[in-house]
Amino acid sequence: MANYAEIITKIYNDTLAIKDKGSLATYISELANTDSNKFGVYITTVDDASFGIGDYLESFSIQSIVKVLSLAIAYKLFGEDIWKRVDVEPSGNSFNSLIQLEADNGIPRNPFINAGAIVTSDILLSYLPDTRKYFLDFIRELAGNDDLDYCERIADSEWATGYRNIAICNFLKSFDNIQNDPNEVLDLYFNLCSIEVNCKDLSNIFSLFANEGRMLNKNKQVLTKSQTKRINAIMQTCGFYDQSGDFAFRVGLPGKSGVGGGIVAIHPERYAITTWSPKLNEKGNSYRGMYFLENFTTETEFSIF
Amino acid sequence: MANYAEIITKIYNDTLAIKDKGSLATYISELANTDSNKFGVYITTVDDASFGIGDYLESFSIQSIVKVLSLAIAYKLFGEDIWKRVDVEPSGNSFNSLIQLEADNGIPRNPFINAGAIVTSDILLSYLPDTRKYFLDFIRELAGNDDLDYCERIADSEWATGYRNIAICNFLKSFDNIQNDPNEVLDLYFNLCSIEVNCKDLSNIFSLFANEGRMLNKNKQVLTKSQTKRINAIMQTCGFYDQSGDFAFRVGLPGKSGVGGGIVAIHPERYAITTWSPKLNEKGNSYRGMYFLENFTTETEFSIF
Amino acid sequence: MANYAEIITKIYNDTLAIKDKGSLATYISELANTDSNKFGVYITTVDDASFGIGDYLESFSIQSIVKVLSLAIAYKLFGEDIWKRVDVEPSGNSFNSLIQLEADNGIPRNPFINAGAIVTSDILLSYLPDTRKYFLDFIRELAGNDDLDYCERIADSEWATGYRNIAICNFLKSFDNIQNDPNEVLDLYFNLCSIEVNCKDLSNIFSLFANEGRMLNKNKQVLTKSQTKRINAIMQTCGFYDQSGDFAFRVGLPGKSGVGGGIVAIHPERYAITTWSPKLNEKGNSYRGMYFLENFTTETEFSIF
Amino acid sequence: MANYAEIITKIYNDTLAIKDKGSLATYISELANTDSNKFGVYITTVDDASFGIGDYLESFSIQSIVKVLSLAIAYKLFGEDIWKRVDVEPSGNSFNSLIQLEADNGIPRNPFINAGAIVTSDILLSYLPDTRKYFLDFIRELAGNDDLDYCERIADSEWATGYRNIAICNFLKSFDNIQNDPNEVLDLYFNLCSIEVNCKDLSNIFSLFANEGRMLNKNKQVLTKSQTKRINAIMQTCGFYDQSGDFAFRVGLPGKSGVGGGIVAIHPERYAITTWSPKLNEKGNSYRGMYFLENFTTETEFSIF
């Protein structure tokens, strides 16, 4: 573990030294208020070591990273039936495209593009009496942090500018792939995206996927081994929109990014690592996070491939 | 290793017992002459154990599996420059689609769709004086089988019905992404696809990708560790056309399929395994091969995720 | 004129004699309640003759035919500026497709697909204080029928199932091509589509386009000659969704259809003719209406070409 | 007729006075050698008047304008059967796109995009023993000019850079919509496009479409009235690639353009008018030609709408 700390520190400093070529997400106005120089990294290993550097205790907006968690709950509770309503193929298009949705008759290509996550939100809403509380309890226990919460300010900001998502949800409804009132589904979806977390929280939560579905330290099996592997596989092929192939190519780990600037990557049976730096490359993924992770797996010579 | 043999034998028999729902590829007329009941499996492990069952010594047409090998040589000889001419993203379309090619100005989405492999053929042709001989020497050494050869009958059959590929190659040329005469490029491409191999050959050849780029038993580094990992990553995200996400989801290993009915899958640092059964599912991948491999990684509880 | 009456009567009877191969529009539930056997035809000529046959005095839902009238008002009031927000090219796609909208950054291909008509509704809403009243006054005067009105029942039914249109409007808003609240724009749009008219009303209203923009009998110039010609040109190239080319080919007149079963066609400087029969072909255009009009222009040997 | 001459002269001079914002087609290298300042206009009227101005007797490459003539012969000889192999809908895409062809299973959207004209070339080749001679005789008689001929230099130049067309023809063949050897079809297609004509020739040839299918002065019925109207309708909806709607909107006449800089427009029952100026706008249509024709129909207040 000393090893991870040393390598992470070195690459963290290397990354700080290069020019951050990304730019802040602006389409959700509240996100534009983030301090763009923040940069944090945190690793949680399955042998229960951990290490953080930089702004790893500062909260940021979870955004699309939450899509993995809503998929996990839907899969855990409702099993293989969910794949009738969302596919597991990479999309080859940007995160909020409607084109493929039309060609595929309302079945989203995968659960990590917006359309797919809106469908999993609809599934949760149909079957969980108090969806929002259930979700919060779920991630609080995994993070070991009872302060995790929705951020009303961000959720409101998403509503105010979320016309593309409103379009997607109603488009899905026109194909009968939304069961609830579109406005309620969107409200849940925007709230899930608004949750505030820090790097440590995310690495702790996602250690589940590095640990075959068991909670660290608790010996509690949250997902089956098979479900865990499959969610990891979807992260590998679909976690970075139309940069998914590139992330597999450069970093070689399953992972998921969000426009809040966070990226989580998983090395099965070893660790979950989270980076946070708000400026995004032109594909919507954190510029420094991508740089850090590429160098991290190159330096450690660890990837799944 | 005894373990692998036992599991393979069991699942081989299970697979024989289910109804083979696939159907023979017919668009290359010669392929339609294959005995559709053939079924072979062969595993080559990095600790130099090996095991075969069924028709694992019978030759079949390598078809698209060869795309991994032409990529490997192009990458080995010409380095990162090749990525200016072909991308590494999953396509979200079928193997011979021209749609994305037009939207992407003649840069194929990845080297494992036809357009991408035609570009790597063009690269080989530009820089290797005797491309066909070089290629044969390369795979004969890896397979330890000097009988490997092109099959003129199959190559002719591909020419006779390959209008879609002729279209793709000339379309690429119209975007200046082919440097040689399209007919010469296609001739190389059709010949590469025509090579006849058996399951044992393929597992031996592909053990390179399970062994960090080194030849088994020879301590000869053919590809760098980084090149090997990256090719594995592309196999993971792009190896099965628009069933790539599904293969990652069900099998959880990098791999590549061909319309000849072969599938190779890699478990890095462990093994390469090849299945062959000619009947294909509607996505163009061997029906029994997919079934076998899904059950093999489920049973062994080994996947990379 | 006696001539028109005779020919119309003959072809009306011929049309009744063939099997009506169309089927009722069902996606707006209220429309499914129409008596599917209705069939009416009415012609209004610029020399102020007129003739009707069959159910030409029965009211039906104007639906997409209204798009010509909202375009006419927007063009009349706001001039060439409207073409910054909507193009005049045939779409090559079905009436409610979102694909081209994404490729064209939120500029609808033409004002006669849903996206385009939603934009013209937005324009009307921005600049007319009492849009709904203005619109009704406009068409009542042209029809010479003060009973023309919105149909709340139909408008409600469109809202209840109009998810695709809600998606389109919010999608347009995401490209900044809607200035008002999407719900208000949609409310106007659904109301416009709900207006109830009969064949005589429509022919009288559309005689404007056959008469170089002047009202018959009133010598009142409503549109300029140039505006009239241009709207006719758009009807010719875009009036029948992806059957526009076919309508030009078979009928040879500018026109516009609606899913309520109405079709209006214009012979500039001669007449406007309306047919109504509720069963639609697979392209969404009245089966009998298409048949009648093809035979009408064949028989009269009159078309604009 | 004096009237036409006067108006044409005035607008010709107005057009010369504005800056020519177009640029020469360069993708066929021989076309780039044209003197870009040439500008000619010629009108042929059905009452057998005629008038020319500027470079109306200088020859240029007919290019896509020939597509109307190959369609006319195919339609004349083989009747309605040809519509099984090519549709009559506007494409909404550029002239050499392959996208729609894939979506439509190899049926070109209309005979005036390259794919469609390649199919009509294939039809001519299948059924006419000496296609090239037949074609030349056909247009020589209509033009009253026995010097009309293929231009080997241009045809060779098209072959040398025509990879996109080679792609299209082989793509069509892969859908079984080409019956002959693709190379023979392309050879005919490139030769047809290479024919050299002047404005007077074209107006004389196309007077056929203004005269209900009869040759002027000869009382010879070449096409039926119905065939003529239908070809005019296709010119109206599909004659200018993805500027077809705009041409209908601005000019209001059926017509056809070519990348050689020519445009022919038809006023049924009145005249055929040809303009030639080599510099093209970004849609591939002659800049000055579009400007001239828009002003000509505005000034004469004659359009079909």
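The first chain written gets the first letter, and so on, giving A, B, C and D; residue counts start at 1 in each chain.
FYI, a residue touches a chain if its C-beta (ideal position, glycine included) is under 8 Å from a C-beta of that chain, and two chains touch if they have at least 3 such contacts.
Since the model is a prediction, treat every value here as computed from it, not as a measurement.
A centroid comparison over C-alpha atoms places C as the chain most distant from subunit B. Centres computed as Cα averages put subunit A at a distance of 32 Å from subunit B.
Spacing of subunit A relative to subunit C, judged by their CA centroids, is 47 angstrom.
Centre-to-centre, using mean CA coordinates, subunit A is 55 Å away from subunit D. In subunit A, no residue reaches two or more other chains under the touch definition. Chain pairs that touch one another are A-B, A-C, B-D, C-D.
If you check the complex, the residues on subunit A that touch subunit B are 87-93, 100, 109-110, 225-226, 228-230, 232-234, 236-238, 242-246, 248-250, 252, 254, 268, 298, 301, 303-305. Within the complex formed with subunit B, the subunit D residues making contact are 97-99, 102-103, 163-164, 166-171, 173-174, 182.
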